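Take a look at the structures listed below.
You will see chain A twice below: alongside chain B first, and alongside chain C after that.
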Partner chain A sequence: MTLALIGQAALNGFLFGGVYSLMAVGLSLIFGVMRVINIAHGDMMVWGSYLAFVLALRLGLDPFVSFVLCAAAIFCMGVVVQRALVNRVLNAPHEMQILLMLGVALVLENLALVVFGPDTRRTESAYGLATVWLGPIFVDVARLITFGLALALSCALYLFLFRSDLGKLIRAAADNGYGALVIGADVERIYMVAFGIGAACVGAAGALMSALLPFSPATGFAQTVTSFNIVIIGGMGSLLGAFLGGLLVAVAESLGAVLLVPSLKELVGFVLLVLILLFRPQGLFGGKTT
Partner chain B sequence: MVNRRTFLKTTGVAAGTAALGFPAILRAQPKEIKIGAVHPVTGPLAEIGQACRLGAQMAVDAVNAAGGIKSMGGAKLTLLPGDSETKPDVARAVAERLINEGAVMLTGAFHSGHTMAMVPVAQQRRVPFLVDISAADVITLNVAQSVKEGKQKTQYVYRNFPTTTVFGRKAIQFMNEIFRATGTSPKRAVLMYTNDPFGKPQSEGFIKAHKEQGAPFEIVEVIPFPEVPTDLSTEVSKAKAAKPDIICPITRPASATLLLRELAKQRVEILGVISPGAPGLYEKGQIDALGKLIEYTMDNVPWVNPVSPKARKIAEEYAKRSGGKIFDTNSGYSYEAILIMADVLERARSTDPDALVEAIRATNMTDPIMVAAGPVRFNEVGDTTSASTAMVQILGQRPVVVHPKESAEAKLVFPVPKFWERG
Partner chain C sequence: MLLALLVLLALPQFLGSYLLTVFIFIFFYAYLGQAWNLLGGYGGQISLGHAAFVGIGAYTSTYLAMTYQLSPWIGMLIGGAAAACLGAVIGYLGFRFGLRGFYFILLTVAFGEICRLVVSHVDALGGALGLFITFSGDPWQFQFSDNRYYYYVALGLMLISMGIAALIERSRMGAYLAAIREDEDASEALGVNAFGTKLAAIVLSAFLTGVGGTFYANYLFSLQPNTAFGIPLSVEIILRPIVGGSGTLMGPVLGSFILSPLAEVSRTYFARGGLSGVHLIVYGSLLIAVVLFFPRGAYPYLRGVFRRLPRRGAPPPFRHLPPGVARAKPAPERPRDP
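This part shows the complex of A and B:
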């Protein structure tokens, strides 16, 4: 066990954490605003990955460019899902919402299976295999770009929510939906946009991740679970929590693979979850639970 | 114009004809024999599961086209396909369902964990189960043991596929022969395996054979990783730190993709990647996705015998029906399982489970389509003694047999060019 190996693992995990953060931010936004857990999150991500794959195959677009288009497409998917389905169960009990989203997840997964087939895919990128060496440690260029873009997107989302009028309205509706309605906000439209943005985040994450990791229609569920885990660790509804939680889980898993047996690394993320639930149930950055 | 009355009249007549007509048609047809086939057709192993299903279906079609089961009046085989969704509990439930639908024999299930889940069903329901693909020794061994101890009366589970013990022995034997033939002597090997009911025993079989048979190299590090992995960069860093000459991976499709890319990215300098036997390193989808990164990868796998004209013909038809895929380990063994079952039915002249078991035990099928050490025969544990492996290498973006010599299609390349110097 050398120091270089540990440093390498920490760096790899950290850079990879960007995508984790982005997908968790999307889930957190949707939950924060609507109190709906988007069980179809990972499957939306897989659709983002497939779109990037198709764009790379047909138009030769690099996923680090096409993620914008993928985000836009998944934004539309999110808007449709919200309008047609989620809107009807906003005030229903959580278990009904979960069942509905589970149904959406199944439909999306199997639709991907029909359209794209079962094969494991990966999007070609010009930077896919590029590395920069800093002495004994290397920086994976694709991961570095992914991290940069994920960070930029998260910052843009933050600015949107805190500086723009629509963003402020979204926060108002998240804080108190009834209150927002009273002051004349078009809450239905706000919900639609918020769900769309949450979906767009995970769509972009899917496109970016498609250059790093292989995906197939079946990988969606694991991503949903990971996002959910991160959001709980970071604090339900907290965007900063989701972002930092993503980095934390990625670094912890990566270090777990070096310091423990690699097949135990996924355990590390869930041990974190258990510890958080025991000692800080509101999450690292969550407010007081109501 | 159709109104309510005419509609009722015509449908009534049609229903009546159907009710009267169908039994008559059934009586005129020769008997039908249902075979249940459980494979992971959806989920992470879907590409493989679909290959298995198509292989089995093609074998059923071939048997029927040749006149069905002649000793039973030309009875036709019907494949009842089942999807395990790559989940062991579903595999078990689907097996139950297929038996309820009338399956008299079962085959499947590719994943050792799924096969193990189906074994109790076959034993309890007394339905002979010919495992087409699954390597874990315990699958047949456990049943044979409990029959021997008198806990169960009859063994209904048989297998025509190399066990992990065979895989391990063949891997070490072939590696030693290849190193000798190429005048190379790798000193350090890193074994990486997917930590599931296939990967763990497979790695243990390799380590055991390495200890028993001896090899010029030492296994300096053993790295298990979860399946489906989210990221293998740290595992590969760990492997690289062990300064290996060869990497011996036991993968599945998703992990194989990650592993080969990381080896290239991290510039791991090795003489070659040689798998003791694993999927993910030879399928068409994998080759298309990985391109030059998968080139030269060697895998010690059961393979379609390239020298057999019968196998070649099936391979051509398979490529046509699958949209250009390769007739490989999985489609091949699923195909062969059906051929063995047809042969068993032919000799049993009945679908009675005990008659079938007796016929399975007496099997002596010459000319198998897979690379094998002799005719298909079952030993006292219920495994075929002939099931063997070949060393397959990806050359020119196609998997070809390079060892043993008598089945080889091309000359192997070892040591292989470095990942980042492949043009």
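This part shows the complex of A and C:
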């Protein structure tokens, strides 16, 4: 156990964390605006991954390019799910919303199973094996690009929410849906767009992650749980919290894999979650909603 | 009621072994659903980690039986007690720190996953491979050579859980739980000890679920951390009461009679066609349909039809329900009161 190994694990985790952040930002946005818990989040991500995989296979598109298309496709998926289903249970009790999203998650996961089969896949990327050495530790180029893209997308989302009119309306509706209705905002449309953007975030995250980690239809639910972990740790409804939480969880898991048994790395995330829930339930960076 | 019971008691004489299995699963999941219903239905404290209690109960009794030859009939109670202890820990932490709604759900998920991960790394419990029970056919070891005995045990478990739920429904505790579910702050203002009531509910619910774990292990003859502790099992547990009507006595039973055969039939039918995932798509679509069209579950709906209430037919969507009929929309969650 050398210092270089720990440093390497921390760096790998940190660069990987960009994807975690992106998926958590999507979840946080959906929850913040609609107070709906998107249990199908991880399964939307898997669909993003498979789209990237198919695009790479058929058209030879690199996932670092095709993630735009994947995000657009999952945006549409999110809009449809919101319009057809979520919109109708916005005022329903929590357990009903959870049950509905569970149904969506089951359908999406098993649709992927029927269409793509149960095999574990991984998208080929031209940068898959490239590395750059920095003294005793190396930088995985694919992870570096992923991190950069995830950061850029998160910044773009931030600018959209805080600078554009529609973004400001989304934040207004998140803050007070009734109030937004009163000032004449088209809340239904806002909800639709917000859900779509949240889904697009996780679709892009899925496409980017497909080059880093193997995936299969069954990984969806685990990703959903990880997203929840991050969002709670970072603070529900706080986009900055979700972003930093993603980095934190990724580094913690990566270190846990080195310091403990690799298969126990998820445990680190859950223990972190329990501690946060008990001692700082508003999350590390939680405060007001977006 | 009595007639239905007599039919169920006589039924094994006429059923083939496949249908018998279907009925065993109906009863068993109705039992687990009823145990969940005590906390989640009556008390409104949704747990998505009930598989942890099944797993703890199953592993405890199986480990004791394999290592000390202790009969699972006794191990069942010890397993239930172990699950109750975990329930007490989760309940104490969750309720003491004021976690409500979604936060409590996540706490239960996290504990379930922690249990799963820890058990898959304990070699004495078989690690990720799990434990395998060798068949001896000894009733004292909870093993029967005839499926019909499992049928009666499962039926007995379901009836016991219904009895307990009926008692609680009529007791002071049931009224407290309903008050907490509807409005926790208001009920506390009226002097309900919300913390104690919720804690008692989760301990009882965990105990019953843990007892069910022993049946689970000895019916399937094997235990894997991923199935016994996994979220899919928690989902199976939570579905039945919600589909049937959570917070009602007959809800879990009715839900199990609807869902278990459906799952079984679509599984067999589609798996034969080589499409392994299709049955879960059907399952998921059904869930969506239930939420959209029968939001309060099948039992209250059927009861409404039979009593010829003015609101016959499909219940109106949520937003148009008059106040008092539907649960009021929960206030935005605050994790902890300042």
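Following the convention adopted for this analysis, the second predicted complex is superposed on the first by the 287 of 290 C-alpha atoms of A that agree within 3 Å, B and C clash if a C-alpha of one lies under 4 Å from a C-alpha of the other, contacts with A are read in each partner's own complex, and residues count from 1 in each chain.
Just so we're on the same page, a residue touches a chain if its C-beta (ideal position, glycine included) is under 8 Å from a C-beta of that chain, and two chains touch if they have at least 3 such contacts.
Keep in mind the model is a prediction, meaning the values are calculated, not measured.
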item	value
Clash-or-fit label for the pair chain B, chain C on chain A	clash
Touching partner for A:Arg88 - first (chain B), second (chain C), both, neither	second
Which of chain B and chain C A:Gly135 touches, first, second, both or neither	neither
Partner chain in contact with A:Thr2 - chain B first, chain C second, else both or neither	first
Which superposed partner A:Met96 touches (first chain B, second chain C, both, neither)	second
Partner chain in contact with A:Gly60 - chain B first, chain C second, else both or neither	neither
Residues of chain A touched, compared between chain B and chain C (which is higher)	C
First (chain B), second (chain C), both or neither touched by A:Ala218	first
Partner chain(s) touched by A:Val261 [first = chain B, second = chain C, both, neither]	both
Partner chain(s) touched by A:Gly184 [first = chain B, second = chain C, both, neither]	neither
Region of chain C that runs into chain B when the structures are aligned on their shared chain, from 134-142, 188-196, 260-268 or 278-286	134-142
Shared chain A contacts, counted only where both chain B and chain C touch the same residue	110, 113, 118, 217, 261, 263, 266
Residues on chain A engaged by chain B in the complex (per definition of touch)	2, 4-5, 8-9, 12-13, 16, 110, 113, 117-122, 128-129, 131, 138, 140, 212-214, 216-219, 222, 226, 253-254, 257-258, 261-263, 265-266
Interface residues, chain A side, partner chain C - complex	35, 37, 85, 88-96, 98-100, 102-107, 109-114, 118, 217, 221, 225, 228-229, 232, 236, 261, 263-264, 266-267, 270-271, 273-274, 277-279, 281-282
Chain A-facing residues of chain C, complex	40, 46, 48, 93, 97-99, 101-103, 105-107, 109-111, 113-114, 117-118, 120-121, 128, 231, 235, 238-239, 242, 246, 275-278, 280-281, 283-288, 290-292, 295, 317-319, 326-327, 329-330, 332-333, 335-336
Complex contact set, residues of chain B against chain A	41-44, 46-47, 49-50, 86, 195, 223-226, 228, 230-231, 233-235, 237-238, 241, 253-254, 257-258, 261, 264-267, 285-286, 289, 420
